[in-house]
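Structures incoming, each one as structure tokens.
Shared between the two complexes below is subunit A, which has subunit B as its partner in the first and subunit C in the second.
After this line comes the complex of A and B, so read on.
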């Protein structure tokens, strides 16, 4: 079990002053948007206050067929050291393939073969990182054919074989339940919750019968209900609200943080 | 060793991305409707990032931005290794080459912004 983090929010340059004023215990930064050596003043201010700042990467493409890009891992590790972060994170996904960049976190085929490649890539990244690596479940709009494992078992085996931490995104889990029929209870039962680093919560919207994890809309009560189901099993070390676009009034973000605290209480 | 696994995974992932982002054939076994929804979602996300990074291009194209980007995107999927800013710049250059967008004014050294 990792140290208690509390309730946090994703730090973004567009809401830097808001984040400084909100009542948050920790923040997360998108690793690819920061550079060691010229960190934003706002991030340094939060560090001075003792607020943990966790680097969150989106581009390692750990589930991709190609070996991990050492330069991207080095950047993430350097950021962790500059920020004094207890751990870093990325996703169980692939981003690049066939010479193309999807610009998004694409789901993996849940086959033993894909798991073997993921495990090899995660181990390679871990070997070059100065702190533990947490891996996050992604939201998918489509399902690969011929899956051999449930998403929960896929993640559980990943943890068993790499000893990585888990970052459980309850909005992504909700999205997969809505869009792919993932069984939320079974997922939560199958993953090793004792390896939980923290939890993501985010907003989204339904469009033509499909739930889109936009990070640009309010958090749905249904997503908080998934958080409740997780809370019924474990008191998570941390829960972090992600908002990436269409930033609302400060009071609305404060309200969403309060709603998260209420579920955890 | 994971090389045989890597090779098969590489082929499968490449086939999916070329179908979603480019003009590749839909891979077998996927729900065609979900492939369409995913392709649309990825295109919207890419267009949103281009719009965010290049408001000058959005302003310059006005109502033509959306349809032109739709026409452009699949023929020019974003290359691995390119930065988002480069992807946005490539669209701007394409729009100029198509005669849809006025070429950027050359900056003279004596007028360089301070």
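After this line comes the complex of A and C, so read on.
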């Protein structure tokens, strides 16, 4: 179990002043958007205030068939050291193959062979990172055929073999439940919650019968229900609100943070 | 949905802050007012590094300039001011103010410019004719005196603002206080100073955001200090203060000092990206 983080929000340059004014206990930054030598004034200000800043990567492509890019890992590690972050994170996915970037967090086939590849890449990244690595479940619009493990078991075995932390995105879990029929209760029962680093909460919208985890819409009550189910099992070290586009007024973001706190209470 | 500017009779009773901003500092100033008005309404936010981005909010009737700001964002504050100032919406605002008798048209100002040049030609011709004994000295004196008098008479007509426009700017002075932020920006501009403080500071804007505003050196045509409407030159530009040409030194903006000659500051009014 990691140290208590509290309730946080994703720091984004467009809402930096808003984030500074909100009642948050920690923030997360997208690692690929920052340069170690030129950290944004707002991020430095938050660090001066003692607010933990956690780097969150989207480009390691840990589930990819290719070896992990050492440069990307080094950047993530450098950022962790510059920010004094207790750990860093990325996703259980791949984002490139054959020299092409997908532009999306692509789900992995839940096979033992894919798990072996993921474990190897995670171990390689961990070897070069100065802090622990947390890995996040993604929202998928499709499932690869011939899966051998449930998503919960896939993550559980990943943790078992790499000793990584988990970053559980309850909005992604809700999206998979809506779109793919993932059993939320079973997922939460199967993952090792004692290895939970923190939780992501985000908004989305249904379009033509498919739920999209947009991070640009309000958080649905159903997503908070998933958070409640997790809270019924464990008091998570931290819960972070992600908002990446179509930013609402400060009061609306504050309201969503308050709603998260209410679930955790 | 954007509302339109409706030409009415001359006068400032119905003038909106961005219209007053245009009178006081040109299209760049009007753009600044539109942005600050949207900030006040919670429709946009400005980040620490000066990116203006829309806030998801309930739609309400915006002015054409405000609607353009919302469409052009996200963009850095300085770029946004320049872009909005160079927009067709800003030009429509100018035309509306011309239609209301507050701003003189380019044609009017060009006519005055040519009239002044003709007077100079007339004086030179009279002197040359006198030197060739083709004209008596008395006629030369009469020509020079007439030219000076006529030049003074048409001088006022060469200013970008009409008397009504200048009066509106003078009235703006009374309401340009920290409690009326759009009026404050309209009169002083974001880079202007009020009570010893920069306006952007007074509004709580981050220095890095204000740094994106482009302050351009003013061309001081008459050796005097330049100002627009008597309240600084926050957004003057080559097309500011109702002047579309800006090539003529000494054009005046409300208070009579020069601001139309390509100088100015605070967002580079007439640029446009």
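Keep this in mind: the second predicted complex is superposed on the first by the 265 of 265 C-alpha atoms of A that agree within 3 Å, B and C clash if a C-alpha of one lies under 4 Å from a C-alpha of the other, contacts with A are read in each partner's own complex, and residues count from 1 in each chain.
The rule is short, and it goes like this: a contact is a pair of C-beta atoms (placed from the backbone, for glycine too) under 8 Å apart; a residue touches a chain by one contact, two chains touch by 3 or more.
Since this is a predicted model, take the numbers as computed values, not measurements.
Participant: Do subunit B and subunit C fit side by side on subunit A after the overlay, or clash?
Facilitator: After superposition on subunit A, which the two structures share, subunit B sits beside subunit C with no clash.
Participant: Is A:42 touching the first partner subunit B, the second partner subunit C, both, or neither of them?
Facilitator: Only subunit C is touched by A:42; subunit B is not.
Participant: A:16 in the overlay: touching subunit B, subunit C, both, or neither? Say first, second, both or neither.
Facilitator: Touch status of A:16: second partner only.
Participant: Looking at A:235, would you say it contacts subunit B, subunit C, both, or neither? Reply first, second, both or neither.
Facilitator: So A:235 meets neither subunit B nor subunit C here.
Participant: Now for A:160: first (subunit B), second (subunit C), both, or neither, which partner does it touch?
Facilitator: After superposition on chain A, A:160 lies in contact with neither partner.
Participant: After lining up the shared chain so the two structures overlap, which partner does A:212 touch, if you call subunit B first and subunit C second: first, second, both or neither?
Facilitator: A:212 sits against subunit B, while subunit C stays out of touch.
Participant: Who touches more of subunit A, subunit B or subunit C?
Facilitator: B
Participant: Once both structures sit on chain A, report the angle subunit B, subunit A, subunit C from C-alpha centres, rounded to the nearest 10 degrees.
Facilitator: 60
Participant: Please indicate which partner A:101 is in contact with in the superposed arrangement: first for subunit B, second for subunit C, both, or neither.
Facilitator: Touch status of A:101: first partner only.
Participant: Between subunit B (first) and subunit C (second), which does A:148 come into contact with in this model arrangement: first, second, both, or neither?
Facilitator: Touch partners of A:148: none, neither subunit B nor subunit C.
Participant: Considering only C-alpha atoms, give the closest distance between subunit B and subunit C in the superposition, rounded to the nearest Å.
Facilitator: 8
Participant: Residues on subunit A in contact with subunit B in one complex and with subunit C in the other?
Facilitator: After superposing on chain A, no subunit A residue contacts both subunit B and subunit C.
Participant: Where on subunit A is subunit B touching in the complex?
Facilitator: 64-66, 94, 96-104, 106, 109, 113-114, 116-117, 120, 141-146, 208, 210, 212, 245
Participant: In their complex, what parts of subunit B are in touch with subunit A?
Facilitator: Those residues of subunit B that touch subunit A are 2, 5-10, 12-18, 20-22, 28-31, 34-35, 37-38, 41-42, 45-46, 48-49, 77-82, 84.
Participant: Over in the complex, which subunit C residues touch subunit A? Could you list them?
Facilitator: Touch residues, subunit C against subunit A: 42, 45-49, 51, 53, 55-57, 74, 206, 208.
Participant: Help me check something: in the complex, which residues belonging to subunit A touch subunit C?
Facilitator: 13-18, 40-42, 246-250, 252
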